[in-house]
Amino acid sequence: MSEDQPQNEIKPQAKEDEIRIGVYICHCGLNIAGSVDCEDVAKFASTLPHVAISKDNRYTCSDQGQDLIKKDIKEHKLNRVVVASCSPRLHEPTFRRACEEAGLNKYLFEMANIREHCSWVHLYEKEKATEKAKDLVRAAVAKVVLLDPAVESEVLITRKALVIGGGVAGIQAALDLADTGYKVYLVEREPSIGGRMAQIDKTFPTMDCSICILAPKMSDAGRHPNIELLTNSEVQDVKGYIGNFKVKVLKKPRFVTKDCSACGDCSKVCPIIVPNEFDVGLATRHGIYTPFAQAVPSTYIVDQNLCLNKEGIIKCDKCIKACERKAINFDMKPEQLELEVGTIIVATGADVYDPTSLQNYGYRKFSNVITSLEFERLINAGGPSAGHLFRPSDMMIPEAVAFIQCVGSRSDRGHLYCSNVCCMNTIKDALLIKEHWPDTKIYVFYVDIRAFGKGFEDLYKRARKEGIIFIRGLPAEISEDRKTHNLWLMGENTLQKELYKVNVGMAILSVGIEPRRDSDIIQRLLVLSRTGDGFFMEAHPKLRPVDTPTGGVFLAGCAEAPKDIKDSVTQASAAAARAGILMAKGKVTVEAITPRLLDEKCKACGLCVKVCPYNAVVLNKDLKRVDIIEAACAGCGTCGAECPSSALYMRHFTDEQIMAQVDALTEQDADKKIIAFCCNWCAYAGADFAGVSRMQYPTNVRIIRTMCSGRVAPKFVERAFERGAAAVLVAGCHIGDCHYINANVQTQKRIERLWKKMERLGLNKERLQLLWASAAEGERVASKVKEMQTIVNGVTPEEVEKSKKMTGKA
Amino acid sequence: MVVETAHPLDVYLRETGMHHIWCTGCGNGILLNSFVTALKELELNLDKLVVVSGIGCIGRIAGYINTDSFHTTHGRPIPFAVGVKLANPELKVVVISGDGDLFAIGGNHFIHAARRNMNIQVICVNNFNYGMTGGQQGPTTPLNVSTSTTPYGNIEHPFNLVHLAAGSGAVYVARWTTLHVRRLTESIKKALQKDGFSFVEVISQCPEIYGKSTKIGLPVDFMNWFKRASEIQHFSDPAKAEITSDRIPLGEFVDIEKPTYETLLRERITQVQSKMQGGT
Amino acid sequence: MSGMKAVTVEKKSNLWRKPLDADKTRQLQAEITIIKDRCKGCGYCIAYCPKEVLEESEEINARGVHPPKVKDINKCAVCGYCTAICPDLAIFVKEKTEEKKEAENKK
Amino acid sequence: MSEKNRALSGKHFYSGDLACAEGALAAGCRFFAGYPITPATEIAERMARRLPQVGATYIQMEDEIASIAAVIGASYAGLKAMTATSGPGFSLMQENIGLAVMTETPCVIVDVMRGGPSTGQPTMAGQQDVMQAKWGSHGDYEIIALTPSSVQEAFDLTVEAFNYAETYRVPVMVMMDAIVGHMWEKVIIPPLEQIVIENRKKPAVPPSEYMPFKPDKDLVPPMAVFGEGYRFHATGLTHEEDGRPRTESIKVQQRLVQRLCDKIRKNSERIVKVKPMMMEDADVAVIAYGIESRAALSAVRKARNAGIKAGLLKLVTLWPFPEKQVSEIARNTKAIIMPEMNYGQMVREVERAAKNTPVIFLPKLGEEPHRPEEIFEAMKVGI
């Protein structure tokens, strides 16, 4: 959005008459100086154009080091600074601050990573390492000349939050935010909030009553002046960006007004009777009903699909007549609500695995094979059997029961991941049975028992002490005795290495947790990414576990991964805190690495619009150009890479700047070198990790940092080849893990196009390599470079010459 | 002679009402059913209820309902009802008549009774034509429909009755089709309990006559049309409630409070009399 | 509980079990009265019954039309729409009284 | 209080219209519905002022059709009701007058007659509606029509009109020419207790046995009132005694229409009123009604002074027509003079009754009534 552009910014940078650069080579004790001749590098730096002063010191990051820079900026009128030391991922902020304190715009600072990417990975080749260090400094100097001063723009945050999903996670997040004083919209698809926890009988490991501890929270949420409860409602559309989301919510009619006193008279007379979802079909409900006693809101609801009154024709008026408070109104229409919120918390929860497909267990075939969720309703005093462990076939309390673990989890029949809660849930359930019917024989068939949490192991021990029989090895098959409807479980005890055949009255399948079948809707609406398992992916698995790649959107509960109540609540509070921070600030600053449009160049072709993962570039037909929604932009730069007419000026990673780096790195014996473009989040970090772990690899690789591999325009690669580089490596995050949702998909497309082009030109396409490496995969980076070394060796001068004329010839 | 099984609503009907003259599927019967159901549910004192009707098929309804009732001349049920109501305000006076009776020949009486906010209830069974005389064009016949008196298609714009009623000052205005019989009954109940001039329009089918001239067809086809075209929107603008072949706007259109003629009259009378007492 | 037939619970896709309380749920037993000779055969009750309980009968009544007859009384929800929509007050539905049920069960 | 106000007993100076209104009040009229029209407007105006004083209802309707309809309604709800109009409005009322006849509704219709046809002469007098009073509505029927010749009669006959209406369950017309209507004279309103008031017969049977149109011996059915629990039905259609429409039965039609007529014809003895003056030895008789009877009277006196044995028969009831009285006079006189403010209406009835006795008709159109001389001249011719 052009109006966001700070006025005091010159674009593109009008060069001052005299550029005065200060270069500082850090020894980092011996970390660098050990394998790089720092004085030599400093001496070399002083010879570079515009370099006013060049110094080397032991610890540039130390206070003295920083003071020196500040002093020099003032005394020598420096207007650019380069520090050659560790990874910018570590100390760039430090030095930027120093510059700013000395009155130099922090965007006029550049770093050369001569530690992680040089001294540490070339411990035993001081000479070559020094040469590499010089190259890296030369590149940094080349870039710093072209840097523009920038002011970070600010986006205001609407101080309202949307919580999607009214399970315990959603409730907790909503309550925390509301208590902080923010208005919260809590959207729930079902008629009542409460979610899975409301269905469960007891919670582990404390064994307290689930609904008893949940109900108060539910009514708090229902009563809270700052919470607007939108039940029976669905999020239909989300537009906007961090701090400024416009959300469309469809509020489906209940056909019962707030006047409902929940007396239930309507339900009694309703002729429609169906299985109750809340009781997993073990009990019935009527066409007009409340899902469960503690429902919030307590207002009854008409099941639109089953009620006899359709198309506005009231055929049955039994409930209307029965309702003393005249609270039933069949004229209610669906409402489209438009909410404006600053932050969104996704707490959409999870589904339960349906074991029907596992035919060897006979679920749906044998009535006494039930799921752990059905068990929860059976053992629940408020449930259909009033807490009596009736087995469905004959309503008798079984003498022996079996729990079967990992149903749908940790197996290619179902899901590969561990559902995290089933082990403890089974142990809890087994103990519950013991509590009420001590003589019941209880078997638990498991793969491993995972009792990792606080107080879990004690519970497990207690269960064993109570005489519950744990057998390692899941039954291969369950068969039914036609007469008694008892069940035979057959399988192998993998500890005793012997076969077993156990007879029980009822078998409980400990079913796993799976992602909501319709997760893709929320994923699309909020531009989230999902893991291979299908759960929503966090921004960083360790350091930003409740954030999502989309600014202002956070995760809580099972939507992110299977977890128990405690973890869900913890995560919910965390998400609320994260959202709260944003709203408390009231604004966010956007790093000045977002693109600026050079209107005169833009042809409004719309290619950039297609590739932007954040819909931050929109076509402006009237003005024949595109508009950039700064606040929505994350600065990956893939738009810039896509633009055929270089109309997008990717601040701090401009074409000119990157080209200059390429040129600098290919100034000397390019034909021996590998030019590598690494994305800031995975590949570059991976290279840093290689350095930290002192992995040694050939010295001839020169790494250029971009925010995303998606920034790497084909012309950068071509420039490298034209300059005679022997090989080029483009490296980014694994597909699906992209820090910018899916920008790296564009990378792949571009590289493949380049490969085709090289083939057409009769070039060895192996000279261009594409690598996916995560921040943890230093090894992959190192071995890739080694692997490419052989390619470099194979490149003949003719090939180099040939590739020098790469462009134009397409 | 075999004794016929009694219908629970028979007690509200005269013997003639149980075997009315109306054709197969005629909406009048549904209105009769709906009206007496409303009486039953309100537990009204039938001794204090007067049903007044005009001329036309529906005019017979007064004779069918087991209350005091009067079958007036064509177009005149409203002024008759006004006389009854003013003479004995204790009585509930309901006018049930057709679109021709109330809005062609009787139109003047309707608008003035509404204007005066006479405390009477008017139910109009609108079947879009004059049924009893054999399907002539009437004040509600849609444009272009051919009837026995518009053989080349109707060139008159029809009345939008709810708009007319609202514009004339009715305090309660609702419109339902006979298919929406339960809502109709509710509206009739509401009207009966309302103080002031209330108007309920019943979009009704005339399968024998109108159904044939318009080729809508069998009674059930009529109902299907109602189902297809109905649009329930309470308190929408009556001006936009014109009926077309693919849109029948339904619902409550007006529900307001306004002093009735009767109330104001009694006020004046008391004023006058107390003044005289003071004077004499 | 003798003679108590299981209430017809409509299926819901994913819920397959017969609810434990299915047999205990209060069941409606409808009693539909058709005054045949009042019927003029408009067919509203048949066409608009939400449960398709009625159908046209073979017999011809005093008015020369086929009055409706009950196809499946167990489907009837006793919503009473047939009663309300009948222009001839020729049909009405009631919930069977407990006494009547008892009586029938004895037989 | 309202009762006390009902009859303003004492001596007054009123116009015919005012006296008519006061007569209605004295008779117990509790409901007036009307529509302004010259020369009857003053009646409405008087009612509008007076009815509230006695706690009764005046309403100005949207037209005369509505007015008579409302009057019928009020009467069925138990009130003595009336409307007042003139020719054009009277015409509009005709259909519902038929309804009142068919449903045997007690009610009073005052027609202050002006010059017609059509809008005619709104401010000029006439006696042009006297036939319409009898024949204006369609079908066979009988009604009662009275005609005052003085302001005092305007009062007295209006009271009478209500009594007839109540007694015979029939619409009763007060046919008052505009001169009487607008003429101011002394009128004496007697004390209320001295005014004879008739009220409709109430049913003697319980609702279950009540038949709204089943007559007593006098051919008049007792009348229940709406809201008393009789739950009866009345219709303009040909109906049975229980009120049930019977549109296809000859028998029912005959029985009904005959009774509706006969209840008046067979009771005409009791209904008919005439005032003979100096008739005992008369050779020539003047028969007149309304304002004409007053011109006639002075003509008769003039004749007596001139030695002619003249007499006057003043008609008080126009309908039923005093047939017996007229033919008797015809038998005993050589000639009958009949002045009317029309072009020949009641004279036809007179001729019919007079048989062979010559009837000299004196028409008058478009202005004031006959001068006594004109009638006197006619008498000379008659002898």
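Every chain is named by a letter (A, B, C and D) in the order it is written, and numbering of its residues begins at 1.
To be clear about the criterion, a contact is a pair of C-beta atoms (placed from the backbone, for glycine too) under 8 Å apart; a residue touches a chain by one contact, two chains touch by 3 or more.
All values reported here derive from a predicted model rather than from experimental measurement.
In terms of C-beta pairs in contact, the better-connected of the chain pairs A-B and B-D is B-D.
Centrality by C-alpha centroid: the chain sitting nearest the overall protein C-alpha mean is B. With centres taken as mean Cα positions, chain D sits 100 Å from chain A.
Look at where the CA atoms of chain C average out and do the same for chain D: the two points lie 64 Å apart. Distance between chain centres (mean CA atoms), chain B to chain D: 37 Å. Along chain C, residues 48, 81 each make contact with two or more other chains. Residue positions 313, 315, 317 of chain A are each in touch with at least two other chains. Among the residues of chain B, those in touch with two or more other chains are 179, 182. An unclassified topology is adopted by the chain contact network, corresponding to no line, ring, star or complete arrangement.
Taken together, the chain A residues at the contact with chain B in this complex read 311-315, 317, 331. Contact residues of chain B toward chain A in the complex are 179-180, 182-183, 227, 230, 232, 234, 250-251.
Of all the residues in chain C, the ones that touch chain A in their complex are 7-12, 14-17, 19-22, 25-26, 28, 48, 50-51, 77-81. Considering their complex, residues 14, 16, 46-48, 50, 52, 60, 62-63, 66-73, 76, 78-88, 90-91, 108-109, 112, 265, 268-269, 272-273, 276-277 of chain B touch chain D. Residues 268, 271-277, 279-284, 306, 308, 310, 313, 315-318, 354, 364, 367, 374, 384-385, 390, 392, 395 of chain A are the ones touching chain C in the complex.
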